[in-house]
Amino acid sequence: MKKGGIISLIAVVLGLLAGALLILVTGNDPVEGFTYLFQGGLKDPERIGNTFATATPLILTGLSVAFAFRTGLFNIGAAGQMLFAGFCASAIGLTFDLPTLILVPIMVIVAFIAGAAWAFIPGLLKARFNVHEVVSTIMMNWIAYWTVYYLVPQYFKGSTETESKMLADAATLKMPFLSNLFGGSYINFGLFIAVIMVIVVSFIINRTVLGYELKAVGYNRSAAEYAGISVNRNVILSMMISGGLAGLAGVVQFAGNASLIQIGVLPTEGFDGIAVALLGMNTPIGVFFSAIFFGLLYSGKGFMSAMTSIPPDIADVIIAIIIYFSATSILIKKVIDRVSKSRKYKNSNVGEKVK
Amino acid sequence: MEYVVEMLNITKEFPGIIANDNITLRLKKGEVHALLGENGAGKSTLMSVLFGMYTPEKGIIKIKGKEVKISNPNVANELGIGMVHQHFKLVSNFTVTENIILGLEPKKGLVVDIKTAAKRIEELSKTYGLNVDPYAKIEDITVGMQQRVEILKTLYRNAEVLILDEPTAVLTPQEIQDLMKIIKNLINEGKSIIIITHKLKEIKAVADQCTVIRHGKYIGTVDVKQTSESEMASMMVGRQVSFKVDKVESNPGEVVLDVNNLSVKNNKKVLGLKNATLQVRAGEIVGIAGVEGNGQSELVEAITGLRAIEEGSILLKNQDITKHSIRERIRNGIAHIPEDRQKRGLVLEYTIEENVVLEIYNQEPFSKYGVLDKAAIAKHAKKIIEEFDVRSGEGAKTVVESMSGGNQQKAIIGREIELKPELLIACQPTRGLDVGSIEYIHKRLIEQRDSGKAVLLISLELDEVLNLSDRIAIVNAGEIVDIVNAKDTNEDELGLMMAGIRRGEGA
Amino acid sequence: ACGKGGDTKDAKGAFKVGMVTDSGTIDDKSFNQGTWEGIQAGAKDLGFNLKQDTKYLKPAGETEADYLKEIGNLNDAGFQFIITPGYKFETAINKAQDKYKDDKFVIIDGTPHTAKDFTPNVKDNTVSIFFAEHEAGYLAGIATAVQLKTGDVGFIGGMEIPAVQKYNWGFQQGIKYANEKLGTSISLKANNVVYSGSFTDKAAGQQIAAQMYDRGVKAIFTAAGGVGQGAITEAKNRVASGKEVWVVGVDVDQYADGVYKDNKSIILTSAMKGVAKAASDMVKAEKDKKFPGGQTLTYDAKNDGIGLPKENPNLSSDTITKVNDVFNKIKSGEIVVASERGSLIK
Amino acid sequence: MDLIIQIFPYAIAYTIPLLIVALGGLFSERSGVVNIGLEGLMVVGGFASALTISKLQETHQGEVWVIWVGILVAVLTGALFSLLHAFASINLHADQVISGIAINMIAGALTIFLARNITGSGNISINGITRTDIPVLKNIPILGDLFFKNTYSTTWLVIGILIISTFVLYKTRLGLRLRACGEYPQAADAAGINVYRIRYLGVIISGAFSGLGGAIILVTYSGEFTGSVAGLGFLAIAALIFGQWKPLGILAATLFFGVATTIANVSQVIPSLAHIPPLALKLFPYVVTLIALVIFSKSSQAPKSVGVAYEKGKR
């Protein structure tokens, strides 16, 4: 894992270097650009708060993807799970008039369940029929997209046909005290949910019987089956937990960072989650830091763009290149191995088997 | 007489291991040359070098006296060298013809000319007595037939020199006989052959010369006619070996496993095991002898619950477990050393610690309230590592992927024995292991028997079955042909029965 | 570059104008583009350094928070005159006008209000601008009807947002008026009034337009962003194979988009709203220290804030005369175009 | 039936890019490399052709060869860009799915970035090609209406490629080798075939075809590059699986998507469809795909070694 962290860091550095090159090519000053990029995300409490807020749903979708990954599944459907769960949670928030302390926990739980339910279908199809989850979750994304598209205007039409009614502040995760602490930023309770989930997921994966089973199934289905672990049950369960985490991202996004649902958009956080998980080497802690890093780039790029004439799209290019580098991390790994091996060889008997 | 192939002072290294260390091998025209060595001695590697799949670090290769550089298999083909690999290199949903012509496809215009190719294959098949249908699909033909396709592949490429890598490992004794005939035909047609094997009897039967390597090093080349089997064996292992296993008379007790009229479907959805009835008692080892794919896997998977059954019943200590889940069967005392240790037996990404609790991680003391107790697990692992001599780089924390096959196997065996089972099913427990490990594992299996456990042994190695078992069930085409006492039978008789010929029916 | 929150104006008296786009892009051939072009035009007239003194930012998402973030970025970079197109900015501007009291805001197609309370809350540093899209749609309806005289026409909208709906309703009323008063016989069937549900799905635009044309529709009024582009593609295609079909453009003069050869276009006319004019007006007003803070402006027929293009090569002079006639009647209040659906289709 | 005839030409227009991209995916997967980056490769193709065509049309208004030059550039660019994926997944044994995701991200971000820098705008519009009827053939009853009226020249190009691809895959040397590499690369390697080269070829073809698909979208129904192809690349992958990795299966699957999506899009205009809830129509293609995948799951024809990196000498 330590090596994984180093590889991610190297990928980040290489991505930033490539970005710097691009900035240079377009006739701008990379040092200036990066200065403003990071200032934009960190300069004052408000910006720091916004960076955290931007990172919050990414932490959760990143966890969602990483969790599935750890159990051998590729959940490309976090966007749909997030959207559907966000819709269900918002529906609760718009329908019931309850005190915040009761309503919001219900919404959070409903979001988790809705996300899990949405992911249950691909999980079931995978377990029972061996339908590849990449395809089924893509289909489920579109099904969520159109379902929400038609249900929002039908039942929760807001000021126009294209958006839902706005949630009352009491039905959101907003925390005025926290927001004020960060200079009026829109940071909200979702961050705590995300951090708690990082800890919970980390605990599940590393310390529990459930995590042991899920990983065993992910690494080697045949061996899990041999040991009497129910493979199907675990595949479904894993997809559901992954979907539930994406669902939490949904409530955090639509009842925290925003307070209404716009139809006609699949939340980009769902796809960014893949990149976050990847850069985080699929470990909860890694996901946390890589989400913060993504949040930093996303919230800083506008400022960079405002202060210089570097197009804001450069941030996306940098992220994409970082992902390519971490996808090809084997190259980096080889270099590291070579360096550490040549060291190892020096103080061991050459010719002995390296085990 | 001139040499068709000379490999001189070949050295080939892999990261961390020297697979071939200064090896020399010379093959005369019209000769069958055996290459002998233990598992991992470097035989396949040496032949891969000759076939252009690896480039050696040192050494030269001469073909018909001329020095050559064999940079890839195409070059080898052009030089008239063909290889039949230990693991067949056949595309299973292609036809025989498609497989044979792959890489050397005749064309008619733009189109691959299957017809002409098939005709040529048919002719070759006749010439060498191979009897292969050029239009059959690989997945539909027997292993023996597939091997002939591999031989045809080399002949189609006009190979002068054929390399056969452990060709007999997957064959029935009768198929082995046929192969020997084919080898003779090939020699008569002017081919030269290198055959890899660690079966001394076969070398005696067919080879002229024998080159022995050990731990990647060249030991020597002998004239087979002049050398005894035990001489070759000690060259191979480096010491005097007795392949006999010491064991006392068995003392069978009550019936532990009782399989009645069991029928099970195989992966192709047809009955792979038909109406099998078998009992294993406490304190005895029952061996299953048979060629791969004759119902052994189906039997074991049905007993362990990995595969649904069609008909029949399975009783464990008089309790009907036919409908029990895998986990319940493990609880009830079935332990299973799986035939494919990397596919079934281990989670390669897990450490030794994690692997030794694969079946019991959810029981106390290894977990409580759904939370793993890492200390208890570590203690358990330590015990197994010590008792079963599992060697690895970082002790209990070693990721098993990085361990050698023998040590992986020891870890599995330790884990299963530590389950303290009533019935121990051991499938191919020594496959791919060296002599030292084999001896050790055999000792542990006998120990289990002597302590009153029922042991079901499945092995493709007749020697192993004969030496370890008290009783032997022979399977053929999914049926139990017969069950005999190990003392009352021999390899020849078993071989006949494995080919489906019952006792007394004669050949 | 520039320091934080510095002077609104530099030595030359130029100030920096920023814009935040809504979900569309800066080249959406619609109000994002219109707003930006207006800013550029205004700034150019005033002799600004376009590269340094004007800037647009594209938010990462469409939430209030995303919008506020970009507004904050502009503010911090010294762009203290900020124009935002679209009703989606309503709550964001409502907060921004309090948060950045030294900045000036122009919101187009919307008015600041809180989440719960829809009463407009236009502070002194904000101007809210609306357009009478229904009047523009009305004129387009008249022009289409008079030019074609008989036959079917259709409407393709994007998503059902207010501006698009108003175009639609106005268009329907215009057709009706022409049929009743100007002797035309144009029909607009319910099936031919469609909201595609997207502003980007060009394939859908093409397919819907094709179905309409196949069913005898001669001209389609599109108010649908990229979906409209799909319809234009389809129309060009048909004209190239000798058929006569038309598209009525929206927001800006789309004539150039419809050119298929020799400067001939399938754009019959366009229902324009003066987004660019509004944006440039505001920039100039600020420069002249006449920024109408606190007001809600409506750009309509009366102040030439909406209309058809000056040049309409595809309209006969008779048509143009009649359209102008109606235009004047709207100006004078003789004709009142409803901005509500009422009994209209969809 | 009438309905089908009415919408068919437009359904085809939608089907064709999907078909060619899925066909590209077929070559990649049959050679053993999963390519989830088709979406990004389409975007790259769309961008390259848009840029080329718009530049050329500035001086050569209305000339058809301009379009074809644009398409050619798209094909080449797609092929070139796919090398990134090939290198990662073939030489570096990277996780092919992840590498594909990275390709999608790079393509999306880089094209917009370049478009902004080159043209000052993220969008590039062009004048596309027009549909024509095929003389004589168009008069065949029903078939003429379905297939030979209102067709784009690119449609015939793609149909041609489909036929050639089927031929290549099943009748030629290359096809045999390609399929062997996807099924059991060890066998191909032992037969002296350069597995890496074949896989590179498979990926490059997928890049070229995806680029072509992106360009076709541009020159037929879209007329404008906007930095995205709205999930069509992913849909192509679904069609590839739905079509069971066979050219004709893919044709059927993409045609199904084309027709179903077109029906959903135009339902409001067509009186006989107008009463079906639009949600049902929109969901139809996706739900049917899921059901179809379940039905086909029993007899999956996936190349056995697809997605598995081939390491020479690994046993």
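By written order: A, B, C and D. Residues from 1 in each chain.
Keep this in mind: contacts are C-beta pairs under 8 Å (C-beta built on N, C-alpha and C of every residue); 3 or more make two chains touch, one makes a residue touch a chain.
Molecules present, by chain and UniProt name: A, D = Sugar ABC transporter permease; B = Heme ABC transporter ATP-binding protein.
All values derive from a computational prediction rather than experimental measurement.
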Give the label of the chain whose average Cα location is farthest from that of chain C. B
Averaged-CA centre spacing for the pair chain D and chain B, given as whole angstrom: 45
Could you state the distance in Å from the CA-based centre of chain B to that of chain C? 76
Rounded to the nearest whole Å, what is the centre-to-centre distance of chain A and chain B, using the mean of the C-alpha atoms as each centre? 46
Measure off the straight-line distance from the CA centroid of chain C to the CA centroid of chain D, and report it in whole Å. 35
By residue number and range, which residues of chain B touch two or more other chains? none
For chain A, write out the residues touching at least two other chains, lowest number first. 149
Counting only residues that touch at least 2 other chains, which ones in chain D make the list? 122, 278
Touching pairs - complete list by chain label: A-B, A-C, A-D, B-D, C-D
Along chain C, where are the residues that touch chain D in the complex? 25-28, 154, 191-192, 194-197, 200-208, 210-212, 214-215, 226, 229-230, 232-234, 236-237, 240-241, 257, 259-262
List of chain C residues in touch with chain A within their complex: 1-2, 18, 23, 51, 55, 57-65, 68-70, 72-74, 76-77, 79, 87-88, 90-91, 99, 115-116, 118, 159-162, 197-199
Show me the residue ranges of chain A that touch chain D in the complex, using the header's touch definition. 22, 26, 74, 121, 125, 129-132, 134-136, 138-140, 142-143, 146-147, 149-150, 274-275, 278, 311, 313-314, 316-317, 319-321, 323-324, 326-331
In their shared complex, chain A is touched by residues of chain D numbered 36, 84, 87-88, 92-95, 97-99, 101-103, 105-106, 108-110, 112-113, 116-117, 122, 231, 234-235, 237-238, 241, 277-279, 282-283, 286-287, 289-290, 293-294, 297-298, 300
Under the stated contact criterion, what part of chain D meets chain B in this complex? 167, 171-173, 176-177, 179-180, 183-184, 186-193, 304, 312-313, 315
